[in-house]
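In the part that follows, the structures are each spelled out as structure tokens.
What follows is chain A paired twice: with chain B in the first complex and chain C in the second.
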Partner chain A sequence: MSERVAVRKTYKLFIGGKFPRSESGRSYIVQDSNVSLASRKDARDAVVAARAAVKGWAGATAYNRGQILYRVAEMLEGRRDQFIALGVSADEVDAAIDRWVWYAGWSDKLPQVYGGANPVAGPYFNLSAPEPTGVVAVVAPAAPALLGLVSVIAPAIVTGNTVVVAASPAAPLAAVTLAEVLATSDLPGGVVNILTGKLTETVPTLAAHMDVNAIDLTGVTDAELAAELEVKAAENLKRVLRPAPADHDWYADPGVTRMTVLLETKTVWHPKGV
Partner chain B sequence: MTATATSARSDLSELGRSETALRTFLHGLPGVDQVGAEQRAAQLGTRSIKTTAKAQAIDLAIRMVDLTTLEGADTPGKVRALATKALRPDPADPSCPHVGAVCVYPAMVPYVAEVLRGSGVHLASVATAFPSGQAPLDVKLADTRAAVEAGADEIDMVINRGAFLAGRYQEVYDEIVATKEACGDAHLKVILETGELATYDNVRRASWLAMLAGGDFIKTSTGKVPVAATPPVTLVMLEAVRDFRAATGRQVGVKPAGGIKTTKDAIKYLVMVNETVGADWLDPDWFRFGASSLLNDLLMQRTKLTTGVYAGPDYFTLD
Partner chain C sequence: MFEYAPAPESRSVVDIKPSYGLFVDGKFVDPVDGGSFKSINPASEEVLAEIAEAGSEDVDRAVRAARQAYEKVWGPMPGRDRAKYLFRIARLIQERSRELAVLESLDNGKPIKESRDVDLPLVAAHFFYYAGWADKLEHAGFGGNPRPLGVAAQVIPWNFPLLMLAWKIAPALAAGNTVVLKPAETTPLTALLFAEICQQADLPAGVVNIVTGAGDTGRALVEHPGVDKVAFTGSTEVGRAIARSVAGTRKKLTLELGGKAANIVFDDAPIDQAVEGIVNGIFFNQGHVCCAGSRLLVQESVADRVLESLKRRMAQLRVGDPLDKNTDIGAINSAEQLARIRELSDAGSAEGAERWSPPCELPDRGFWFAPTIFTGVTQAHRIAREEIFGPVLSVLTFRTPAEAVEKANNTPYGLSAGIWTDKGSRILWVADRLRAGVVWANTFNKFDPTSPFGGYKESGYGREGGRHGLEAYLNV
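Let's turn to the complex of A and B:
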């Protein structure tokens, strides 16, 4: 009996709930593993998948979205060892799981805190309701690999947005492994799409894309690139979240800014009558 | 194929005079190799068309679009808006060509005619009890005459599939001849409704029947049955018009309709036209796309090529 040869994992992209290779066929090596090197066209495909998912995800009840985020936390709990094997510390995995739960709890509370009845000078009911912006492009921070990623994805999707995430080129393994968690968590395909590879190839395409409604530049460390991306994003007035400061503490209470910045407020005036 | 057609050359015009001659001819056409046709169509779909060739293909495809709305909910306002879009598909870019034609129900023809008059955009109307074709012949002919009188210069008729599938070829032939006569100067497109014909052999027979009876165009589908235009069906029809021209010298156009939604699909069809019948057919007078949502995708791809930035559907009109 010959000795068994271990089956090695191919780290692929995550687009529309599937794991395709890059259309360019390219890959690069990180921690002895082959990782897909996404191209401009993969970014385009990811936006199409994200756009297609908006209607169903934004239209789902807040309660349902919250349950799905809890489910992500459950599935992540079951895959702790996989992340630890990639070099993610046990503390960080715990913090990432807790973060999913924390954001899951916000799903049906945020509209109550940030919307509601406005007192106006007239015989009207005046109601404000926060609504998702649509498709959000996200540049994930390089470190902490897992917690940073979860901390940028969860606040964007909990309110009903869909995301195209450019994973950090230095830490793509945790991102692809998180995609496996998401794929098994009742999350509809296309709500989260993950691209691995060079930021300079995919992110400018996303920043300029007319069908992307907001961009989160958290993981961009190069100030010049960040400025260029903001200029591109201005073309269709995308909402822009500026890069995170270098000393940002990812373990601290995240606050609600990351959720509220990706919302649009709809206000309805309705005559009161008799 | 060509051999059969050529040998029949002398008596083609006589075929319509008897059911037996028609049947003998149509059933004498060689059978279609189903696997071969599907593989050929799939293989032609793998060509890569980029940069300047793509820009040219997109503009040609826009000029070939029959911008269509065939809904019970069509209103004068809606078809007027559609006709306006046909004239200037991309209001932001004056270099964008106009589409080939607007295609509507007969009742909507007058409203579209007002907008299109003198523009060079054709006005097509479906007729002959579209989409089923299940009405008495005189009703179908009245339908056709009404559409022409209202200003349509192209008529999209449906063949009588019931008669065709029952083998009553003479009846189908006579109806097409009568409709052609009712059309007067208007061009006649004959819809085969290939989704209901079941086999490629039937598609080939129906194509020849429509051409023999005088159709100026053969069109795949009404868009009202689940299976619409597919690449292999269009390939079989393109082969038929090629062989018909070789046999008779008369050129007939082809119009795939229904289910063509993306620029990628449209370019695949253009490749197929070029490779099957040649550049003679790469013209809006000889090849058309029956479509509605295709136009917006063509405009988005066109914008991508001119601006370098991916476009979004929010910036183009809803039809």
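Let's turn to the complex of A and C:
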């Protein structure tokens, strides 16, 4: 009997819940695979998809968003071997799964911890509540390939933002595989969009895009590029998360900053009276 | 209009010196590489004092003094002692509040009833509020060991000179930072009197430094490599430039910038209350308010009634001497600002909107602009899109709540908004959809030290006030 010929996977982009190739028709070879080489147009298309998803995702109940993030953990648990086959350590996969669970629980707690009633000196009802800032561009760290990626996506989306993620150019397979997890987790299309390819091609477009509200530069290791992106981001006053230090411990308690930087606080006043 | 006899507040309560130096390291000093400029009373164009202009060497000395104070005194000091200094300052402000209020009105042009009844009480309250945080930071929800950032560079505008100083300095000091603050060049006097209050409170030298000057001084301050934090309140244009200038540094940045707030009046709103809110929204502080309700969105079915009532109310507004206790609208802060208001108002007429002001006698000297409304404004008009920062209201109409939300959000700004309706569920529905940091429902222009303030989108980022305001000055 002849040996079975394996079915290989085509690694594509993840935009609006679908897996298109780059509109440019280009790919590059990395991790022994052909991977889509996203163009500036793909980046803009991803922003359109992310913007279209904001209303539904930000408008979903916190309970609903929490369940969907938990569902991502369930799906990831079932696909552990797929990531291990890509060279991700078992410990890292475990940590990534646990991180989804951790963030899932934040959806309906952060507004209580981070908002609340303010005791103003007058006869007024005064309430502050956090809201998502909108569309967030994210540059994922190269390593750890899966845990780093999950650690930048989950805090952005748990509060109702949608993201366009530029995957690590050197290790994009974990990102594309995570997209397959997300696509089967009841996450609405467009909430997470993933681009593979060169950071210098897609990220400046995202940093300068007037319909992007915030940019997370965590994965940018070139200080000059980071500064250039921050300058572009200033044009519409994007909220900026600066690059992570090289020795950042991704296994440590992440804290809430990654969530709060991507939130707006809205405060509503109303007089009390009869 | 009723006739009132003049009722001026006495200016003898404040003693203005002929000239002021920079406040660096606890002392007033002459600039080493700067110059000087004059601060005038915008209501009379009279020179109030000559003010030192800090050059880059002066800014450097101030930053070094702040660094020294941070490392040697303020940083290591227990929170409970920092708190006591801040409580002292709050008390001194209360004790000297009339003096500060008169000085503010003289230098800024705002009516004494506002500086006395709004600005000064809020200034004292702000210091009192943040004083209490200084020894409770580990309970503020930013983790168990929140650390200060270091030296904060703070640049503030001329519309609420002392209040903006309080919004900047109180949380910075409570969190354990030291500061170098640059007041606006047209309104430096209350900041300099505040420096005297710091001396009176025996605040350690270098914890608060005040460098006076214009744009160049501000640029030297925010671009100084020795600052860890930059906080700016002012125009979106300058905010953008600052955001670019801190790119690639580790400086933490918060920005409180412009606005073009929608004040939405639904057909079931109590008209008289709404009209009071509209007037307060746009004519408070001569409209020199970043969160001013400068776009009135009124439901078509009640537009005529609201406008008729608004015009009647506007005819009662008293424009004139800021020190007169009956004055509702004072002087425009500067000739430059007056020119900007005139230019945009002329553009409103030229683009086809209909302009109306009540009959209104303006003083001969000083900078004045009559309260003005434009009707027939479309969303494309410059007066509906650009921040005028003056007593000029653009009136637009809508038919449905969805249209009101759509129009309200149709701006790159997102600082504040107003809603007037009797229906509670509608307030909450609309408030949820407005992209604005502060939403006033059936009220407007209310502020409190416990209540976070700040914008969405191009109105900036970060919040001032409340627990949220601490985050801007902590390494979290």
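As a working rule, the second predicted complex is superposed on the first by the 269 of 274 C-alpha atoms of A that agree within 3 Å, B and C clash if a C-alpha of one lies under 4 Å from a C-alpha of the other, contacts with A are read in each partner's own complex, and residues count from 1 in each chain.
The rule is short, and it goes like this: a contact is a pair of C-beta atoms (placed from the backbone, for glycine too) under 8 Å apart; a residue touches a chain by one contact, two chains touch by 3 or more.
Remember, predicted model here, so these are calculated numbers, not experimental data.
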Practice prompt. In the overlay, answer first, second, both or neither for which of chain B and chain C A:44 touches.
Written response: first
Worksheet item: Can A:211 be said to touch chain B (first), chain C (second), both, or neither?
Response: first
Fill in: Partner chain(s) touched by A:255 [first = chain B, second = chain C, both, neither]
second
Worksheet item: Who does A:25 touch here: chain B (first), chain C (second), both, or neither?
Response: neither
Worksheet entry | Contacts of A:121 with chain B and chain C, given as first, second, both or neither | second
Worksheet item: Between chain B (first) and chain C (second), which, if any, makes contact with A:266: first, second, both or neither?
Response: second
Discussion item. Under the stated touch criterion, which partner chain does A:245 make contact with: chain B (first), chain C (second), both, or neither?
Written reply: neither
Response to the item:
chain A contact check, chain B vs chain C, more residues touched by chain C
Worksheet item: For chain A, what residues appear in both contact lists, the one with chain B and the one with chain C?
Response: 235-236
Worksheet item: Residues of chain C touching chain A in their complex?
Response: 125, 141, 143, 236, 239-240, 243-244, 246-248, 250, 255, 257, 412, 414, 427, 431, 434, 436-443, 446, 448, 450-454, 456-458, 460-461, 463, 466, 468, 471, 476
Fill in: Touching residues on chain A, where the partner in the complex is chain B
44, 47, 205, 208-212, 235-236
Response to the item:
Within their complex, chain A touches chain C through residues 113-114, 118-122, 124, 126, 128, 133, 213, 223-224, 226-228, 230-231, 233-237, 239, 242, 255, 257, 260, 264-271
Worksheet entry | chain B - residues contacting chain A, complex | 308-315
